[in-house]
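Below is one structure, written out as structure tokens, with a few remarks after it.
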Amino acid sequence: MARVMRIGRVELRVLDLEKSVDYYTNVIGLEETGRMGNSVYLKAWDEYDHHSVILTKSNSAGLAHLAFKVESLDDLAYYERKIEEFGCTTTRISKGTRLGEGEAVHFILPTGHHCELYHEIDLLGTAVGNLNPHPWPLGKKGIAPHRFDHCLLTGDDLKTVTRFFIEALNFRQSERITTVDGEELLGSFLFTTNKAHDLAFVKGPDAKLHHAAFHVDSLHDVFKAADLLSMYEVPFDVTPTRHGITRGETIYFFDPSGNRNEAFAGGYIAYPDMPTITWTEDKIGQGIFYHRRELSESFMKALT
Amino acid sequence: MARVMRIGRVELRVLDLEKSVDYYTNVIGLEETGRMGNSVYLKAWDEYDHHSVILTKSNSAGLAHLAFKVESLDDLAYYERKIEEFGCTTTRISKGTRLGEGEAVHFILPTGHHCELYHEIDLLGTAVGNLNPHPWPLGKKGIAPHRFDHCLLTGDDLKTVTRFFIEALNFRQSERITTVDGEELLGSFLFTTNKAHDLAFVKGPDAKLHHAAFHVDSLHDVFKAADLLSMYEVPFDVTPTRHGITRGETIYFFDPSGNRNEAFAGGYIAYPDMPTITWTEDKIGQGIFYHRRELSESFMKALT
Amino acid sequence: MARVMRIGRVELRVLDLEKSVDYYTNVIGLEETGRMGNSVYLKAWDEYDHHSVILTKSNSAGLAHLAFKVESLDDLAYYERKIEEFGCTTTRISKGTRLGEGEAVHFILPTGHHCELYHEIDLLGTAVGNLNPHPWPLGKKGIAPHRFDHCLLTGDDLKTVTRFFIEALNFRQSERITTVDGEELLGSFLFTTNKAHDLAFVKGPDAKLHHAAFHVDSLHDVFKAADLLSMYEVPFDVTPTRHGITRGETIYFFDPSGNRNEAFAGGYIAYPDMPTITWTEDKIGQGIFYHRRELSESFMKALT
Amino acid sequence: MARVMRIGRVELRVLDLEKSVDYYTNVIGLEETGRMGNSVYLKAWDEYDHHSVILTKSNSAGLAHLAFKVESLDDLAYYERKIEEFGCTTTRISKGTRLGEGEAVHFILPTGHHCELYHEIDLLGTAVGNLNPHPWPLGKKGIAPHRFDHCLLTGDDLKTVTRFFIEALNFRQSERITTVDGEELLGSFLFTTNKAHDLAFVKGPDAKLHHAAFHVDSLHDVFKAADLLSMYEVPFDVTPTRHGITRGETIYFFDPSGNRNEAFAGGYIAYPDMPTITWTEDKIGQGIFYHRRELSESFMKALT
């Protein structure tokens, strides 16, 4: 069976729906593609599918669910079986439960996060079209990322959740953070595409979101994003820097509900045969923030 | 079975071996990893495998062969069978025929190019290592690309070679160039990873090489590469510009034997479910050179 | 007396006024600040003065005049005297002849171009203001240069016009192009600020304009400008490259009347004590286009 | 008389001379051009004069002196007189007191810093020469700035030192930080070239150095510099960000003696007629660090 195609959507719980839509459309620069119930659906200009971000009104911030798209209904059934074999319970979510979506397979990760697999979703197309397209559209707003890129989650048992993604979902591990003696796993970076990570975990409370990341083209665009955040008075967590892990250029900041966002560029290309890169705990500062070389309190503690 | 993992190596025929090694190590900035017979083996600093470029002395320039790495020996056997089923003859090349390589499956593309699949190759590792690595190594030379990235080949029957890659090797087509009426296929861009192309074909004589491309990080590095070419008096074909197709930033130039090289950055992420982008022949200039919007004589005619 | 402060404005003759205004406001991204007679006045977002570009309807394209701002009325009188002493006739242009302008001193360069000095002009301020300003304004359009930057003119007697700017206006020469034997002056690059050039001349017919240039921040912005030109179908003369002379990154293109524009970034800082850099005619290609290393027909011939 | 041409050199007191030379040549990437007594002389690759940085062994770190180059000996005498008229005592330093230098005029700023004016200094030329030069030299090391760019000093009476530079040395003030009521001057940014600052002062103890800055080309090069600092384990003060004041892109870090260095890119072009930009104390965080929007303890306190 084919590898899981990509992390296709994230549903975020937000406190004030309209304020959140304003932020995700004007500051992040996503496009609203629909509304249903307490949820607003959004896509980036360079994504084909109906949505990649769902904002759902709630009384607490955080991750409602994240979902991976597979290449076919056969793959959906195949991975459903593999998840069950791993020992996780799956349930089918029926078509139409959410806007533009077909049937999905729901399960709960060993770290307590709600997760889905899906194949069917409406196709809207990118902002530049598929016939003699320009490289980017006029009239972009805000940070204007190409796509929703990845999430970082926290959990207690990183070995099991890593094993889950490798065994049940055919992911690979690009990088890991361990104690100096190599005994304990403190961070795990996983990929199913050729990106340096599609999903990552760091040691922490179960079922929590550390951040949802959006992809921009270059260091220049990370900096432009940082400028925009100051113009819009969005609170920063981390100003422009490079990650040791993935090598990407990055900024972190908070949406109006306190969910951490990242604008991310760069990162190496990951192939399934790459040996996993190891960061030891004594170098974790440099691994996370290559320049500052130490973790900040806020980066460690703020979770939703 | 898993998708073919990547385009892993290219063997180029060169006229003067030492002059070519000097160029590929000092101007391109690859590292020499071994010699055997009339061949010199090279890798980029960010590649793990023993080599990605082989230079072989010959009395004519051009492509000796290119090869794709698969994830396992099972995959090798699987794709070997698929190639045979498509109607291409395969032969096994024994381990040790080339330096650092295991057994490979050889076949000839419908366009006449020699091609191989392989799984086994010695692992040398990148220049930054896998334990608490820095993002890039000190002491890089020349253009210093991350990797060999893709080839563009010419051939007469692009429909068949496209069908071969899709049916036998499970590739997808990201973009295509057609006559305005859509009848004839003039260009075909194929991927097996998430890169906008891993291999491409344009209409032309069979068995010829248009260019071999190396990946650099950013527009800034494309420009630095262009500066270096002028310092080293390397002949340019195309000075810095953007492709409409793939959106990548690019320069083209010639190695001492006349083989065209490209330094390439950017390009969108391609997923298996992306609809193929179509360029019609009347917009081919913009598709190839987004700024100049017309093809040049040299870009069309110089082949090896 | 203080050095001449800067090249402050250029008046371009255009064939179709409305088409030109549309181009200079939407593609270049200047702001219209007023109209008077057959002229439209424009400024860049980062300029303080009322205008830096005047478009005047005419039946031929080209340079109507260019003008340099001096620091004070004393400087105006001082340089007026120096110009007369050099042997050029000056006349005073009265306040109100053009919108927002005070009195100016008019003279004709040894190369036949109309030129002025001035001190008084209305102050509008930049788009970001002078109290706790953001680094750039939201809502920029088009290329959005910081400023009108320099002009390149053609003329026959480059030695005399160079001597004029050095002796009468206290400019310095940053770079020059000479025949290989050093006898003839083929190009002369002059500065009064710390920019690598504020005005330049190449050998050619008298009284002609080669180009008017706008300054953007970086290579990234030169490339963005190049993309925009293709989106707006503006004809290119030269796609992105570097100059040997000044080291700047550049593109050239044509306004709707055929006046050549440049978007220019970079360039070294020039101090009055820098020795003049010499380019010999055999290296002129590399001096003008550092990558291509040869001049193009269109770059040599298209003048307005 | 002409404006003062530039800030031409800085003499830094360092604790361990060899360790400092190693740092300034390999990490910063300056070239050693001579030694005399307890001092080592250095220049950047793109500077013409014999040196711009002098490292002098001392038992405390800090600024020994900084010096401005004027265009002629007449200018030297003129500004000497103006300094005396302002009420500062000047003394002549004889030719040969330092390596490669002619006679200089010494005086002490109202803030207690040792300062000099000079005209004569040996000319070494840049690393690319003045005949058909390449835009940059092969074999650059470390951060490889174009030049020593500016200093930030601390002092108590910023109004007087500002008045000194404006009245005696013909500088202008590009930006200033004031209390919200506008009564007190907390920061003063001064220029004599077209750079956004050549010298700046912030409120603090007299005679102290906040930082000495080096100019690099672009945000990309600021980031490359930041990467290098982590590779060489140089302590950071401030990781990559933008200044509100000057708009420049920046990093701050410490030399082996604790003197703060900056790698700086960008910044607007300043003309003598620009209205001074005002930052009020309540926005000082954003003025200094446009992204973080607050000052750090270390940035405020670490002085040498």
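Think of it as A, B, C and D in the order they're written, each chain with its own count starting at 1.
Here is the rule we use: a contact is a pair of C-beta atoms (placed from the backbone, for glycine too) under 8 Å apart; a residue touches a chain by one contact, two chains touch by 3 or more.
The chain list, named the UniProt way, goes like this: A, B, C, D = Metapyrocatechase.
In this text, all values refer to a predicted model and were calculated from it rather than measured experimentally.
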TODO: Look at the interfaces C-D and B-D and say which one is made up of more C-beta pairs in contact.
DONE: C-D
Open item on the list: By mean C-alpha position, what chain is farthest away from chain B?
Closed with: D
- [ ] Let me have the rounded angstrom distance from the C-alpha centre of chain A over to the C-alpha centre of chain D, please.
- [x] 44
Task: chain C-chain D separation of Cα centroids, rounded to whole Å - done: 31
- [ ] Round to the nearest whole Å and give the separation of the Cα centres of chain B and chain D.
- [x] 48
Open item on the list: Give the residues of chain D touching no fewer than two other chains, as numbers and ranges.
Closed with: 134-136, 218-220, 227, 230, 242, 286, 290
Open item on the list: Which residues of chain B touch chain D once you look at their complex with the stated criterion?
Closed with: 134-136, 138, 218, 220, 227, 230-231
Task: chain A residues within the chain D interface of the complex - done: 219-220, 223, 226-227, 229-230, 236, 239-242, 249, 251, 286, 289-293
Task: Contacting residues of chain C [partner chain D, same complex] - done: 2-3, 5-6, 46, 48, 69, 71, 123, 125, 130-136, 146-147, 193-195, 215, 217-219, 242, 244, 247, 266, 268-269, 271-280, 283, 286-287, 290
